[in-house]
């Protein structure tokens, strides 16, 4: 079946909101507002994101009521990074079929290439891609190089290899972390070929820096961004979203985006 | 299929009787009366519990005759904690389908988040949730953080993380141990979102202390309690049950509940 | 489906002949007569045993011709104890379905509770019970505590735990070794609840001692005995069988049973 | 379904040609003629063997053209003994169903009893026997004791144990190595009960010694022989075959067989 | 079903283009042109190769538009050799069925004979061959001896063993590396029997040396060549292809092939 990406990709660009931190990092990323998944779903809805990324449990209990308006992306694996599970693998928790039943327009899966358990990871990822494509939905690979022989996960060559692995295995989109090397990252994007690259923030940073980084990201050839804490931890999530959206969708310059953010933030704070 | 929780949850509150100690702890928890599963089933029946939690073998041989009146919750995994099996995993023993055949209104499963075997545990738990929800019955996660990097299982942040994992993976109820920190535990309950929290005793304690702890537990926002040894090891199990039931169902004050317990206990002893 | 125990249990009592030593111990248990499975089948037939316990291979090649008259119990797992296989697990060799096809009225499985591989053992045993009960045949658990934290496998508390595990997991019968502690073993039997306890000899002993031990065993509350080398290694297997049968079936006193044995042995030797 | 052994057993005797050395030992066993599987198939055909033993790949590419005349026995597992794979297990490579499709009249499988991986081996072998018997074809067990606690694989007691394991698990034929102990091996054969024993050479030896050993082998009670290098590495394979065949089929004396060999060898060399 | 090799074998000869380096080696093998899979597909098309070898992901995103003209060979396993995954195994990523859906005329799989994980590799390879042959498509085995007991992977005896393993397991074609020993390699090819041998380059070398090596390769009895970096990293890929094609298809002498290459290269550079 033909894989349909139109739900999460508009005119070749995509802006996704990630909210799977509760499993990976634990509640330490949340406060009394952001701990409620409804908070993130509302940002995704009103901020007109092309999709929200959550684990199956969150989808099952909170997606109802948003499903016509916010495309759902279910992350199929995950682990308690912060509790210190030590194996470099994140096994599938939710089947593709269950994700479809929950309303997913796409599914995600973390691949640790270079892991001592790489054979098992690749094998599971291959099956997921096959199944998802049978249902006609795209697969997003979280491509994270990790293992005893990987010195620097943010090295351009290492990221380029990770991107290539995503293409070779058959992912439709890749989520990669940005290493702040614009020229290097153009090569990374090239190595992904027809697989679209989405670039993610590392951690929460100051908003002007964040918008400047976003501008640079969009110059690498990437198809878009996956944002998370820089938005839902922000005190004016709609203002920062508006600025990013203009950059991603309308190629607004970073200076105009900064101005837009300032205006919107002032209104939102009132 | 819509998951039906009405069998084990009444007006948003639940009071469950746990009787799976024979596998986890061995017969050392029992005396000549309590070793007989009928003893526990009779308490569940006459004490009007919202469910009794047992392993499949007990259900198959003793549930007959109670099934209209006591909702059955089958624990799907378990291990001989006291015999010292060393792997931090408790694999599935009973399938969801077998539990359904035995009359289960809900199923339970222990999740050791932070275990070196976490990937296998999460994967098995994900499948159980998917299957149980296909049958329309809820899943209760015993969320126990355990592993080499977990210093204190009763730390509020650790319990909050465990609660969040339960929500993210898709459990409908969580069984958590109470750490005697009321304010902290409110945050734990919040992290579980729309997943209901049931709080369990640690071990047998003096009854006044137990009722005061129960009162505090219900102030955390939890949906109810899972009791075990504090009831079926008690010499007046119906008196202690009556007091708890009034607190859980009718929000009786702890002082009134203590009085009720004393009255009932005097009658029951005769 | 209702589990039918009537083939191997008569009036609440059972006397089974075990002949799986060829796999567990090797041919060193045999002589030129006893090495032939026909020898054991003939004892089971003429001695009116409630069942003979063998591995699938023996059943397939020798059960033909006895199947109307001797109930068949197939042991589903096994290992070369004497060749020194080191893992504390005995994996399933024969499926429940194959056992049924071979004519089994019950199936048996060894459970090493406390083993480092306990999770895998419990998981396999749970599936066997589910399948056997679907076919309506009972499951006998060989409950053997074994593992790094088990100091004494014959300790009453350890045996009581093993018996309880058998009940909790869903076995219909348990095979346990007798520890020569009558009062202690009554507790062991109690811990098994509605699961019937069958008690086995350890090794070949002198016949008077064996009959006295059998008498004691029947006073523990056990439903019967599993005999092996004390019968088929005996030079008058029918005499010793007759005495045990009278004790198990008709509650004959040990003194009368001893007399019966002497009379029959004299005839059989001629 | 009844297992049919008539294709590979004639009047209770069998003479099989083994040609799976390419996988187990590598090409070092071959010369420019014997490396060609056709060479072995032609010996099997013209030498009127009761079957040829090969791996699935050889069967698929060479059996066409012989299938009416030479019964095919597919070895279902194998490993590069000489390349030094270290785990004491040889996993199934070819399914029973594939073997049937390729025309097999029987299947073979190597069992290392006493291996640290014995549980996995027994489990796989049990499934193979079940499947093969469903199709009505016999299973030959290569019974090789091997493991840390086995001092001497050729010890009579060890071989007797291996033979018994084959019977208990349900093999129809066993392939065992001869330990040059005629009286001891009679016990080995007895331990196999109704499972037929086929005895194999160790390695290539001088032809007179080989025929005298064959004569002794047939006196152990074995049903026949599995020959390999002593035939297809021989410069007069048909002469040596003729002598063995007369011994196996017609109980020819070793002296007559030696004479027959000499006559035929002289003709064949011309 | 009969296995059809006609798509990738013409008159007994085959010339394949390999482009799976992105997964095995990473993008370091590529430049800004060769990183684009279209570059390799165009060479395969215009160079009239008998097939192009890629991973499933590349096939799914790039094969459309070439499928009538370039036979597709999907490599079913792979690993990040350069990222240093340490287990000597490359597990299946793409199922045979998925490969068929993607348009594959053949499938490939790397076998590390002698690996400590050889049992798992052989087992997986056996299933692949069975499935592929059910669909009627051939299997190419990348036969690479690797493991603790293999001193020299390029030793003639070791390569001969690897070739034999390919035949015994049932591969239709083998990809082997050439060890520059013409007489030795004739034996290697002989050991593969009716399984066709395709020989691969090691690494990029000077073109005259490459063509002389190709000439020698075709004298070993091999059915053809698998080329990769020596072609698509070459600045005149069509010239070098033309020369090889004439040698493989028309047995052109190496001297004529060298001349042809020079002429074509001059034209192509213009």
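Order of writing sets the chain letters: A, B, C, D and E. Residues in each chain are counted from 1.
Throughout what follows, a contact is a pair of C-beta atoms (placed from the backbone, for glycine too) under 8 Å apart; a residue touches a chain by one contact, two chains touch by 3 or more.
Not measured: the values here are computed from a predicted model.
Visitor: Which chains does chain B share as contact partners with chain D?
Guide: C
Visitor: Supply the minimal count of touching-chain steps required to go from chain C to chain E.
Guide: Tracing touching chains, the least step count from chain C to chain E comes to 2.
Visitor: Measure off the straight-line distance from the CA centroid of chain A to the CA centroid of chain B, and report it in whole Å.
Guide: 37
Visitor: How big is the gap, in whole Å, between where the Cα atoms of chain A centre and where those of chain D centre?
Guide: Computed from C-alpha means, the inter-chain centre distance equals 59 Å.
Visitor: For chain E, write out the residues touching at least two other chains, lowest number first.
Guide: In chain E, no residue touches at least two other chains, as defined above.
Visitor: Touching chain D in the complex: which residues of chain C?
Guide: Those in contact with chain D are residues 20, 22-23, 26-28, 30, 32, 35-37, 55-58, 60-62, 78-80, 82-87, 89-95, 98.
Visitor: Which chain E residues qualify as touching chain D in the complex?
Guide: It is residues 113-116, 118-120, 122-123, 125-127, 129-130, 133, 145, 147-150, 157-158, 160-161, 163-171, 187, 190-191, 193-195 of chain E that touch chain D.
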